[in-house]
Amino acid sequence: MSGGAATAQVPPKVTARARRRRGAPKSFDRPRFLRVFAALVYLFLFAPILIVVLFSFNSQKSLTVMDGLSLQWYEAFLSDPVLRESLFASLQIATVTMVIGTILGTMLAIGLVRSRARWSPGLNILMLIPLVTPEIVAGISALLIFWQLGVKLSIFTVMLAHITFSISYVAIVVRGRLATMGSEAEEAAMDLGATRLGSVRLVLLPGLWPAIVAAGLLVFALSFDDFVLSFFTTGDDVQPLPVRVWSAIRFGVSPTINATGTLMMVVSLTTIALAVMLPRLFGRRESAIKVLTGQEGG
Amino acid sequence: MEIFDQRLNRRQTLQVGAGAVLAAYGLSACGSNDTRGEAKFVKPEIDGDLLIFNWAEYMDPLLKKSFSEKYGVEVNEVNFDNLEGMVIKLRQGGGPYDLIFPSGEYVSRLKLEGLLATFDRDSIPNSKGVNPYYDSPWYDEDSNHSMPYTYYTTGICWRNDLVTDMTGSWNDLTNPAGDGRMFILDDFQEAIGEANLLNGFELNTEDPDQIEQSKETLLEQKEFARGFSTNTVQNLATGAALIQQAWNGDVVNTRNQVSNPEDFSYETCKEGIPVGSDTMAIPNNARSPGTALLFINWILDPENAAQNVAWHGYPQPVEGGEQEFQKLVKEEPSIAVSIEELRDKELEFVFETPEGRQLWAETFVEVKAA
Amino acid sequence: MAGGFWTRFLAAPGLWLLCLFALPLTLTLAMSFGYVDEFGRAAYDSPFAPGALDNYADAFDPIYLPSLVRSVTYALGTTALCLAIGYPIAYYIARFGGRRKYLLIGLLVLPFFVNYLVRTYAWVALLSDEGLVNNALIDLGVTSQGIQMINTPWAVIGGLTYGYLVFMILPVFAALERMDPAVIEAGKDLYGNKLQTFLHVTLPQTRQGILAGSVLVFLPSVGDFVSATLLGGPNTFMVGNLIQDQFFAANNWPFGAALTVIMMIFLTIWMIGYLRAAAREARPAL
């Protein structure tokens, strides 16, 4: 009772303090250095990215002197059929990964929470390992299995590798949501005559939908940006965009890379923006960022 | 354990002489895309759009454009970062590409594997302007699998305004004036080759003791290095490199790009320098081999050759190309390379055995890892 | 009956993970006992055959050992830096972010959805000899010659920190979020000063988050080869570079596989250490 009262009191105190610039005599005034520090961290994180974007519009080839605005590096990107093809390949890979990864990951999450199978805890561990395996290990293992089976490397093999890690991502996010939902509503639906599968469709999936959409889009962005797994599993005929960027960077810095990088940013940040916005449209109050990130720490 | 039994049964089709690197990729080529068999004979005629597989920044893009306009086909280009990677992809049935740019040694390997198409060089008129050395080069005696693109030397480029006491030896890589500002080419043949020459070994030695010694040499040189890099033009132009092991054409290119070309010198080392030719060849599985052959003719055209040489900085052994290169190197004669030097096969990279290639490749990784 | 229905959901994803994750890992392990035959091709061998462990012995050969040690050192340095940067910022936002807390955290997360290569490439452009940072330093008169920043171990560690900082911030933030502000109030009354309160109350309560963050940063850092390739110099070769070269340059797949297994074992030990520590932490809290 008293503990609850104390908690309830705190938020107004914090906001009140936030309004005053100078801190209260004792307790947590905002240490000035922390604010400066925070500003520096934001600068550290954003400055390089902004510079990539800025110089993608440079009218000359320099990467140090801004001379005027131009779209020539975007033209260079768009008029290069190989880069266009790679962009298209990356979008294809990310889309297929999103669809299949989300379906399998959601099934896995539901199964893990509800199933009483003896081997389900083992599967739980198997699901977690891909998340903590360095990409290079996953990439080499995938390369070896394709080689062993005589599968020719192509964007198809890249998709297979991407789906594998995305299953785990989706399962984690969806399971977090599932854990907060009881099974009473489903039982009620079945009492009203719904089949078990029907109750999944009518009750379970609508409840999970925000998490599924957010996870799917997250996986899309991760797959679109992935380099290491793609690098080890891609064939040669059509390569994903990050693999092309890699060879380009190794030949040196060029403004076309800035334009390519900026376009890639637009794709992934749009996806992430959707991942944040869409679940809200489902009428959920809680922040989608919480849905996406709160799980990672827990 | 079944995986232990599977072993090599599906890989036996691989050619011994060529199967060295990433044979595994070859496996998938055997399984899915048979690139071997009779070499295709190609006539110069438009038979589709062109896909070129080349080093980056190695051809004037305007030449692709003008060809495209003249013949009404699309010309696209994909780049590779090393020859070995290119071969792996060819074996895998990659692309399929219509035109590739292997070095002489790689032509001989690819030919042996049956990966190259044949053609009659007289069917393209501009072959008449090609230097007679290429009537019968060692890697392609009948000159019916390849046409020469460029030829090159490997030496040392250095900043004469900031570095003194260069001695014209591979030892100059460890000149204290370049300490921390020196680059060794990130190419296992060039790196080990240079150390072999410095130690007085034959360029292509496969003797493990000698290679071991050359490894030690490279480790000493590494103390002075800023990195291993084939990104010569950028290293030199940005000032990161004071001393750089370099291909001569890249030096020309650098001098074209900077405001102070007179400060960049090139030396051909007295212990000997590797020389070689890059060629144009048509893979057996090309989709538009006829267009590719027409494009080879286009590149050998005297005017086009001159334009191309001015752009990439390497000499082309064809009328127009040679003259343009002489103009480019007038002020720095050391960059020049004569066809005569190519006749001395001692100074071209060749591997006698796959084990030798493996030894070289592994040794270079050891140097980098140490 | 009910269990059977739900178990069916596990079949497809379970099979997928078995075939495309567990099996490939096993294959890597099998390959690590293999050898390169006389034609330079990778061949399997039984783990009990003589010489099957040669690849493992090679990995600890003096010529390769520095790469292994270097990778661990860089990864530890990265973890320390991420903690030094990530904790204060997470703390600042959790404590003083107010209503904009999630917006502020979202902004921190945003850069990590920009392709890692592009982000690292940005640092190449910034740090190179004639890059923006050196130009600025020269303009400001700090130095006349420019300072070599790229091609150094510091650049590599910096690149890794930039790459993986988010993995530290999020768990620490989550841990700080879980704390009851009342506990801090109480701690303040008990210890009187802010530093003491932080050391005795906040820090211990967020140790879970720190541990999780450290593991999440350390794991990818150890296996990274992008940062060392783009920002490193001649002496920054990491185990990731070595593995990559065994597969694509030196053509010694079995040795590359052995290095991969060694890395995996090392990381597993690290993980188990974390899980045990986490379990220890969780117990008194319950």
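Labels A, B and C are assigned to the chains in the order they are written; within every chain, residues are numbered from 1.
Operating definition for what follows: a residue touches a chain if its C-beta (ideal position, glycine included) is under 8 Å from a C-beta of that chain, and two chains touch if they have at least 3 such contacts.
This one's a predicted model, so the numbers in the text were calculated from it and none came from an experiment.
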Two candidates, B-C and A-B; the one with more touching C-beta pairs is B-C
Min distance from chain CA centroid to global CA centroid: chain C
Rounded to the nearest Å, the gap between Cα centres of chain A and chain C is 17
Taking each chain's centre as the mean of its CA atoms, chain B sits from chain C at a distance in Å of 37
Cα centre of chain A to Cα centre of chain B, whole Å, reads 41
The positions of chain A in contact with two or more other chains are 148, 250, 253
Touching two or more other chains in chain B are residues 3, 6, 24
The positions of chain C in contact with two or more other chains are 27, 128, 130, 253
The answer for chain C against chain B in the complex is residues 26-27, 30, 36-46, 63-64, 66-67, 128-130, 148, 150-151, 232-235, 237, 241-242, 245-246, 248-253
Note: in the complex, chain A contacts chain C through residues 3, 6-7, 10, 14-15, 18, 26-28, 30, 34-35, 37-38, 41-42, 44-49, 51-52, 55, 63-64, 104-105, 107-108, 110-112, 114-117, 120, 123, 126-127, 129-130, 132-138, 140-145, 148, 160-161, 163-164, 167-168, 171, 196, 221, 225, 227-228, 232, 242, 245-246, 249-250, 253, 257, 260-261, 264-265, 268-269, 271-272, 276, 287, 289-290, 293-294, 296-298
Residue positions on chain B within touch of chain A in the complex are 3, 6, 10, 24-25, 27-29, 31-33, 56-57, 74, 76-79, 81, 89, 92-95, 231, 233-234
The chain C residues in contact with chain A across the complex are 2-3, 5-10, 12-14, 16-18, 20-25, 27-28, 31, 85, 88-89, 91-93, 95-96, 98-99, 102, 105-111, 113-119, 121-126, 128, 130-132, 135, 162, 165, 170-175, 180-182, 184-185, 188, 194, 209, 212, 215-216, 219-220, 222-226, 229-230, 240, 243-244, 247, 253, 256-257, 260, 263-264, 267, 271
The chain B residues in contact with chain C across the complex are 1, 3-4, 6-8, 11, 14, 16, 19-24, 84-85, 180, 188, 222, 225-228, 238-240, 354-355, 357-358, 361-362, 364-366, 368-370
